[in-house]
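Lettered A, B, C and D in written order, each chain numbered from 1.
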């Protein structure tokens, strides 16, 4: 009861073109903490305030993009039930054995119609120290190394058939629609923001002809002042900024979109209201889509709809 | 799935010694929006960003304090099931008919061992306007009238037998323990913070010999700068401040405690981390209880343990 | 001694194409306080925390732009001496009689080689109330009406011959150079920021072929959060934003550039370090001019060098 | 012209009871940068954004307190003229040879009736690097080591005969009165805030029977969020906090008062409005002195008037 089923975004595996460059970016610029490397050469990171072993995994590849995005669920029974429900819905699922990702239990992986791989799991080693759990200070030195987000927040994926995707997340996984942007016809969704909690989004999708694309992985900051600090650090490190600091109309969050050295967009995000499943979704109409995405500019920049990895 | 069962704190009914003074405080100083008055003379308020008809109800009485604190649940089936579960647990429940509170459906009320009345309900009229749901601006003029919190956040109640109370909230209502403060013996809880969501607390209890006492009702602000603004407005209106602006060790939230004109403590609160039910609770030991409650002063002020209404 | 001579930017007279539209912008969107109208039809405004009668005057005209920018000086003797010094330097000065601008004493006006009219004066009626001077609250309701800057901060003017302009401000008026941007030749200044106080700039000039142009008049905000609020209010009012919220490399200030309904650019600005005349000026080289102007984007937007009024 | 005469607070020499403890405090907790040690065993510090070699000097002694507080003046001619003016006023002055303080030119020292030693000087080595003066980033790593104030801001001194002190600062040194607090008689000043710039205070005095006492040395922070960060760091390091985070009525600044390990109070301060010498001073009456000093509590804490070093 209360918080059950799917709990939160758990990990994202991201492809980078050059591993050393990627490590430097995720560790020293974004300011995540490296927590391990595996035999495949993948490098694992967590945000300073996350307790589980990893939330971002990078691997070297010929093209940038996202391999999979995963959610932690409440327990083994939930994992088993959700797998059955996904299969009953008609999706093919696959079990990835425990340990395939460091310090992570068995995962249920399935493809969705937008062309993305989604995973569910319920076990990941808590690497919190005694100091994490007893008389903790509000923050530590790690909170000021690089941009240093609090945690992985959500991702925005681009692909076709987002009606079906929305149905899977709502009917099978228990998410609810928080906001959506309509296309010119006033009926079809251009984009949907979905939550499994009281966050304004845990995952979002934009309609796009090409399947399996990543728009951005988002990391949570504590304040608008930390958003400014993030922009400063990006500039100091010659990070390519797409847009920001600015505010989204959708979710009200404050934001910067920028690119890792391989061209994967990431977001440093703050705010967003608390939403609840009993609320009616918020609708953005086609003529106000600009304000919905970038509230101050009131228009989409060219990159928003076209640059994905 | 995901967000089910108990959703969130829904309303608090507070006793004030002088109604006009109370209305002025809640409307013009705290900056809630008055949404109605009923035949009993009760006055109803909501925060600017709440969509349901009311979250604070005040009534004139000879003594200050809280009549009841209520949670909104997902739907009728949840309400019925939780009532049965409460009865099975051994608690007496009572049905308050729909309409007894303005724009509010049937409520299930029950007493808990700490001496407080708790309510569950699932219907309250959404009074959002078209502007709330279509192309909404991030905030409106109401967000700058008085302190203007975003929403009712939680309450902290004082009373005996908090072990039993914790058990009811965890086992029957699906809450989980986020943080707790230990007494000198290193075993007994002095205080517990409980969540039904990913907020660091939706309700909290402190052990206290006298039953049914209110420590504070808490209202959410958006930023530490809004906490400063709240303190300024309190001073401009000669509101009695208990402590703050400061930070809690517990939940990391930033805070001011102050009193309404009748002596009911209220909190203007910002922050607090996102917690999840799979996390181990955070423990504050007796020697660090000062830092746990008021992180900067590192000691309790005299009022914290003694002044309740 | 200490603060002598020229004290601060005092008033700017701005041309608007439509007076009513202009009044609405400066009063309700920018959030200045209207303090008077004169027989010529000019409308006077001051910021909420300014004590003198006016700092912005608008008049209806066929073209947008700035008529003159004025500095308040310490006293009559200073005014007289500076006029003599300007004349000795070779500039023609003109005395505008007291009262020509409402509540403003005699002004000394002179043209500078960039094609702008600059004024000096020492008397403007203090319209502070008893509350301004005795036990004042830190802010009042006016501080939340519209964007509500604290004060007129500086202006940036475009025109030719900025070497001569710099010399006049430094040698005759006692300003000092705080920062400058070099052109491609590594020697010639593209832009100079000049201070008569410990502000990082009280006036600035950019080299431009056309004389007498206004790049922007700048208004001071208290915090980066107020910059966000300003951007929100601009969007709510469909104000055309040029760029921002962002940070300048030059002065480190945070900023938004936007346009009034007539196309006059204005800035809502926060921060900027405290500078002192004993410091060496900061130099921005040609290859870093982008970061100097817009620190996050690291490149000039098209409008910066071309759109002036 | 403009900024002439006395420019700014330049250095403070503070006595600590234990040098190692003091070094740790000023370097790692307050977060100043150590710039040197001299043969007498004194240790020199500067804030990260100061360019001159030092602004705080500590020396080990049997009692805490301040040895002297110094102002940088514009040039040699100013130094000579101010010395003559001080002598004409009737004060005894003393020349301390260049080099007696590291990287500091000749100083003119004089005692004032409150029992404090004040110094003037015009030379201190600029230790800015090329990066300070060419294409500088808005901040560096040093800005996040410890509390890391931007600069030495002002000091507040306690002693007798503050009328005479005020006269010296106004008539001889060119300061002006920004705010003052009246005693119960409605005429006598309890406290005066004096500026030589557009800061709301460069030095302040409180009437006190014992001469030569230090209330606090103040360090400038950039934002209210940095004030919160400072309070967090104080608590992490078990620094004794006197009061705050809070706001002053006087100057509107936000503040924390805390003590170094030897009992010298220091302030981490943000804000304060820009004041100008043509403004009438702000008066705080006796009945509102509480709000004047601590705007939120509206009363003095016990320590404010009694604990000095």
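Following the convention adopted for this analysis, a contact is a pair of C-beta atoms (placed from the backbone, for glycine too) under 8 Å apart; a residue touches a chain by one contact, two chains touch by 3 or more.
Here's who's who by UniProt: A, B, C, D = Metapyrocatechase.
These numbers come from a predicted model, not from an experiment.
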{"item": "Furthest chain, CA centroid comparison against chain C (Metapyrocatechase)", "value": "B"}
{"item": "Counterpart interface for A-B, drawn from A-C, C-D or B-D and sharing over half of its contact pairs", "value": "C-D"}
{"item": "Centre-of-Cα separation between chain D (Metapyrocatechase) and chain B (Metapyrocatechase), whole angstrom", "value": "43"}
{"item": "Centre-to-centre distance between chain D (Metapyrocatechase) and chain A (Metapyrocatechase) (centres being mean Cα positions), rounded to whole Å", "value": "48"}
{"item": "Touching two or more other chains - residue numbers and ranges from chain A (Metapyrocatechase)", "value": "137-139, 223-225, 232, 235, 247, 291, 295"}
{"item": "Pairwise touch network: line, ring, star, complete, or other", "value": "complete"}
{"item": "Complex contacts: residues of chain D (Metapyrocatechase) adjacent to chain B (Metapyrocatechase)", "value": "224-225, 228, 231-232, 234-235, 238, 241, 244-247, 254, 291, 295-298"}
{"item": "Chain B (Metapyrocatechase) contact footprint on chain C (Metapyrocatechase) (complex, rising order)", "value": "137-139, 144, 223, 225, 232, 235-236"}
{"item": "Touching residues (chain side chain C (Metapyrocatechase), partner chain D (Metapyrocatechase)) in the complex", "value": "1-8, 49, 51, 72, 74, 122, 126, 128, 132-139, 150-151, 173-176, 195-199, 220, 222-224, 247, 249, 252, 271, 273-274, 276-285, 288, 291-292, 295"}
